[in-house]
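Just below sit the structures, each encoded as structure tokens.
Common to both upcoming complexes is subunit A, partnered first by subunit B, then by subunit C.
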Partner chain A sequence: MLRREGEIRIPSGCAIAGIINRQGERFDGSAIIASIANMHQRSNGLGGGFAAYGIYQEYKDYFALHIYYDDETARQLTENYLNQNFRIVVNEMLPLRPLRRIVDAPLIWRYFVTPREEKLMVSHLSEDDFIFKAVMWINDCVRGAFVASSGKNMGAFKGVGYPEDIGEFFRLEEYHAYLWTAHGRFPTNTPGWWGGAHPFTLLNWSVVHNGEISSYSTNRRFLEMYGYRCSLQTDTEVIAYTFDFLMRKQQLTLEETLDVIAAPFWTTIQKEAQARLRRQYGALLLNGPFSIIVATDHGLVAVNDRIKLRPLVAATRGSYLYVASEESAIRVVAPVVEKVWTPGGGEPVVGLLKDKEGLIAMPDQQSRSA
Partner chain B sequence: MTVIDAGQYDQAALLEVLANVNEPEIEVVHVNGQRYLGCGWKNRKKLILRGTAGNNLGAFAEGPHIVLYGNGQEGVGNTMSEGLIVVHGRVGDIAGYGMRGGALYIRDNAGYRLGIHMKAYLQKQPVIVVGGRAGAFTGEYMAGGTIIILGLNDDNRPLVGPWCGTGMYSGAIYLRGEVPYEHLAPNTTCQVLQADELEPIMDYLQRYAEYFDYDIEKILSQPFTRITTVNKRLYKHMYTGFVS
Partner chain C sequence: MTMKMLTPAFAVQRDTERCIGCGVCINQCINEVHHMDEDGWMWVDEDRCVGCQRCGVLCPTHALSITEFPMQFRGNQYWSPSHIREIYAQAQTGGVLLTGMGNPRRYRCYFDHLLLNASQVTNPSIDPLREPMELTTYLGNKDVEVPDREKPQLKLKVPVMFAAMSYGAVSLNVQNSLAMAAREAGTMWNTGEGGLHADLREFAPHTIVQVASGRFGVNPDYLGAAAAVEIKIGQGAKPGIGGHLPGEKVTPDVARTRMIPTWSDAISPAPHHDIYSIEDLAQLVETLKVATRYTKPISVKVAAVHNIAAIASGIVRAGADIVVIDGFRGATGAAPLRIRDNTGIPIEVALAQVHQRLLDEGIRQRASLVASGGIRSSADVIKAIILGADAVYIGTAALIALGCHMCQCCFTGRCNWGIATTDARLSKRLNPRLGAEMAANLLQAWAHEIKEMMGGMGINSVDSLRGNRLMLRGVGLERHELELLGVLAAGE
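Let's turn to the complex of A and B:
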């Protein structure tokens, strides 16, 4: 007999985890897999994924594209486009480990590319914007193809399954990164498909997210005016594009960006600068319950919505900073830590590489907190 | 006493093993994120846990004595109605959510939404004592019982976050030391207690000192402020159609 709505209860709620070695020392993917696997019950097998920074030392000057295809036609269309616009130095299938628990995987290809000089010159775009346009074009215009990651010396590995299985499927123990983030998914409002798994990425940005962005349509309409195409059917996509827009294109600081996405309430706003940002970029306020980890090649920031409707814990041990939805996910890889704490709503946890600290002023810890 | 290694079982198996131990005292070691420990227990057993307990520790409990050596996560003592939970560490959000009886002692800080929807009836008088501080929305929609925040960790942050006591209409919140008045909901009222007015919570304070081996004189060295509510029917205008 068919089970009816309400007869089955799955008490899940997404899981996020991140580990950075602030000295830039690289470590393999087994720790982040163990961390996210500890929160197995927060996912339901409909999505898992990882972002890893520092994994492609040999090709660190090239953009690493991870592209997922439904079929060979989509691949040919995409590769024709890539060939016209990019010099492709490596073109290969991503090494995978077939697992019985991972089914219906798309064709997953990896390319190391650099824009063709003549194309770049006539486009009047920066390298980053050239890649940005290519990613948007593939995601929007090639049926059955989407770009899972497009940064330098980093990659996203994601799909439908429990995160620990996805990690095994992508052989993450063979990669070495100084920064890993991970996600276990429990899709609620949108389909559980390979493109909808986290992290969501663009250039070097990646985002893993627990919660929902109620302001998705508002955010999306604003971003679309600047050429962003939201084609992956999940709210989290707008977070990645918001960070790219505010920090790369508008050159806002991390502090200012946080004042936009987790702006204080009008009743509690203290600084005129915060109020100005809220007026200017009000359409990029991320409303709704969330805890997110945003990463770039410089480091990571983890932050909650203003009234903290999702869990988040952070801990430090030596050069390592850990963040996760649950403390147990940190303790499983670092039983003894120096400091463990739960940040308040809107209060960022920032972990930057030691030599990049000067690039981003440390945000004020409490001005957004409720 | 039976000692169980949590690392030897998966989540469901651990709960089943625990439910079938027929002894008054059980110790579980290497706890790390396992949920629902002591959840729904209707007995007087003592459950000693070592490690980081997972979500909903002691939820719906009716009677057990749970001692956690380590930190709790979300939902500690969620809707518990009888028994005692003592946490030698800190806890996450919504501790004591909808609590309707029993006692919850937390040595360090508590997260957001501590004791929201807490209630009391006749001899069922729930109490939460927090040694550190608590986050925003402490005692939101509180309808009975006692919350005590001691602020013993002295980290220069407010004892409670904003919107403390929002929608509260009964029960009492006691704050030791400096009161963050700007964080209290408008329907609340404060009274600084004289030494002889501490009687209703004296037993709770002494228990805190005893459980965590803390000096009671130190606890009593700062004034206490009691927060109660002014208006019993806050939202009557929203469902009666007119204000009487």
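Let's turn to the complex of A and C:
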């Protein structure tokens, strides 16, 4: 019998795309669907998904949980746990559009929650860490339940199918976000599991990823040392946790984080601080071929592995920044752009909201290229 | 009174048509196997032969061949020839059997049951000739408690170091060869417990000095002339046993280096007499840190024994920056044979367990792990790293590079290859410049091979290999062995 993803590790190839309006103006999901759909042949119908930021203005102070259930038992177990620990202001099924091409969908629920004061107090945790622990617990301990996203004013919409069908299934044209990322998946061997599709998220982090992380087992063991439970056994999960660990828990800047995950080679390292980071977090170097788009509520960063073994193209038009596996996926939604370029290995493309630019040190592009 | 019960272990055969009577064999054999009589006839005394092959290799006409003596004991699946031989020897002498080098017995070698991964289709392999491939490794505590205040780190350009072999156990030329090779290759050599000879001080940035239970040669200058300090608690060849350098090897030069009287036995007690428990170790670690002004990593070397995971955890919590685990195949200049052949556990299992335990306890960042004991090739190195090592030590492999032929008679001091001896005439047989070149060549060759294997796996930094157990699969192993090693079976 084929084992479910999460029990085994499955390598996959992919398409990725991302669009941000840096003024924070929100736009519906049709553009990102068109972009990812144009790379149809890069996926094989066994996974597609989207992350959207700015979609829940009305509940922006609550954590939005998108949870997938295999059955009612899993839902009851999870909701008991949620009720004990959170104040739930909205508890509803996610609005869906049934499609013939989308089959075997799990039960998909959406909750807007906030930690119960008294529980938060006795836990001695920050709000984020409280959510972090809850997500880890549900994914790890409730059989048949999976948290697809857990951030504020954002959500992940993903499943088994071609990405354009998944977009239609989730009615993404009804959502308005200032930042969208998308993923089309080409797993090499999987019965297809909804939780295994991208984006992978944790709190406000989301990751879409094309490639294979050859350092997976090293990265995973390191992260597990700090309480991360890698329940999915996917490379993408490890990337999301790596960003969460370095930026949220270790308080590294974006530039420093990139110096860890796509570290400059020893022979090209210029600053002692970079060498120090490499020594300290060598186990979090992401090795193997990848292009990723990591997003938060502040914006996105797209980056390749340090010897560029996977495609990545970027373009700008006005306050829009586009990134994608192929230029065609950008041109289909923005035929005329001001600038289009192919970033080098380990050279990040950063697109932050205009008002968030001061928050994160911008990477110095020169010093990073190997 | 005893009686003769044994044939020689080796047969020395001379092709008289090839032999030109040049006398090289006579000259080369310190054991006096060969001699020429007044009439020019060549004779052999095979009882004295240890099978080191020096005469056969150097014979200009290849007239000599050394083989195991053809006469065999009557076949017996239970009483092996070595059991019988050893009983005869003990019946003759009444003594503890001594031996040298590592455990040669047929225990399962896990390295030989582990296979590496390679990239196919889903990710590209990387060609080390076209792309950078990084072996640079730093050893030390990586836990940064105060921002920007990194603990001292030891830089290795290749994650292979030369293991501790003391002056006295090996010749000064051996140490000199390894020190030069370490400098050339950008790695470390280790003084062992016999102090640091004045001639080798210039290699300080590539030297690890040892502090063992005998405290030979330990003083502030000694600690100062090193890149790191290693506390030797035990070694894989003889866990629980101290050391004994016989007085006849303690030449004036050795005595000066060890700071002991000439021609006196140098005894290393089995335990450090100031370390009877883990909290005592913590004090010595701290003492050495203070003595070196917190500028050098402090390493602690222990033999792989049954409870190694808990022991290693204790060592890390005692403040060690580097933990060296020496497996039961680890070699030595001299050890009681029964101890060498029956004590300790395999390095592969020990390493896998220690690495995982330190991760589970959340303290893996606080120390680097060095695997030692029976590393035979670059494949063993890469497998050790995947099982969790930051780097490895090689001792036997380094000595083989210098000419050792594994006769296991290091403890006699009569090493025809000029390695395990302090005899001036024998030591001269190893030219340190040639020795350094050969040892450095070995490291270079292994580095190339490691890069090839890494490239095949699609990995371009050794950082991403450490503990990356998905890169290994086991063949012919039981389920519980796979679990202990933390690897899947081939096909899974």
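Going forward, the second predicted complex is superposed on the first by the 352 of 370 C-alpha atoms of A that agree within 3 Å, B and C clash if a C-alpha of one lies under 4 Å from a C-alpha of the other, contacts with A are read in each partner's own complex, and residues count from 1 in each chain.
By definition in this document, a residue touches a chain if its C-beta (ideal position, glycine included) is under 8 Å from a C-beta of that chain, and two chains touch if they have at least 3 such contacts.
Source: prediction; values computed, not measured.
Student: Looking at A:Gly344, would you say it contacts subunit B, subunit C, both, or neither? Reply first, second, both or neither.
Tutor: The first partner, subunit B, only.
Student: Looking at the overlay, what does A:Met39 touch: subunit B (first), subunit C (second), both, or neither?
Tutor: Touch status of A:Met39: first partner only.
Student: In the overlay, work out which of subunit B or subunit C sits against more residues of subunit A.
Tutor: Of the two chains, more subunit A residues are contacted by C.
Student: Quick check on the superposed pair: does A:Ile307 touch subunit B, subunit C, both, or neither? Answer first, second, both or neither.
Tutor: A:Ile307: touches subunit B and subunit C.
Student: A:Gly282 contacts which: subunit B (first), subunit C (second), both, neither?
Tutor: Only subunit C is touched by A:Gly282; subunit B is not.
Student: Applying the touch criterion given at the start, work out whether A:Arg331 contacts subunit B, subunit C, both or neither, answering first, second, both or neither.
Tutor: first
Student: Where on subunit A do the contacts from subunit B and from subunit C line up?
Tutor: 307, 370
Student: Which subunit A residues qualify as touching subunit B in the complex?
Tutor: 38-39, 41, 268, 307-308, 311, 313, 326-329, 331-332, 340, 342, 344-345, 369-370
Student: Enumerate the contact residues on subunit A facing subunit C in the complex.
Tutor: Touch list, subunit A to subunit C: 9, 11-13, 188, 211-212, 214-219, 221-222, 224-226, 263, 265-267, 273, 276, 278-280, 282-283, 285-289, 306-307, 309, 370.
Student: Touching subunit A in the complex: which residues of subunit C?
Tutor: 119, 121-124, 126, 131-132, 134, 136, 138, 142, 144, 148, 150, 153, 356, 359-360, 362, 364-365, 457-461, 463-471
Student: If you look only at subunit B, which of its residues touch subunit A in the complex?
Tutor: The touching residues are 11, 32-33, 35, 51-52, 54-55, 71, 73-74, 90, 92-93, 109, 111-112, 135-137, 161-163.
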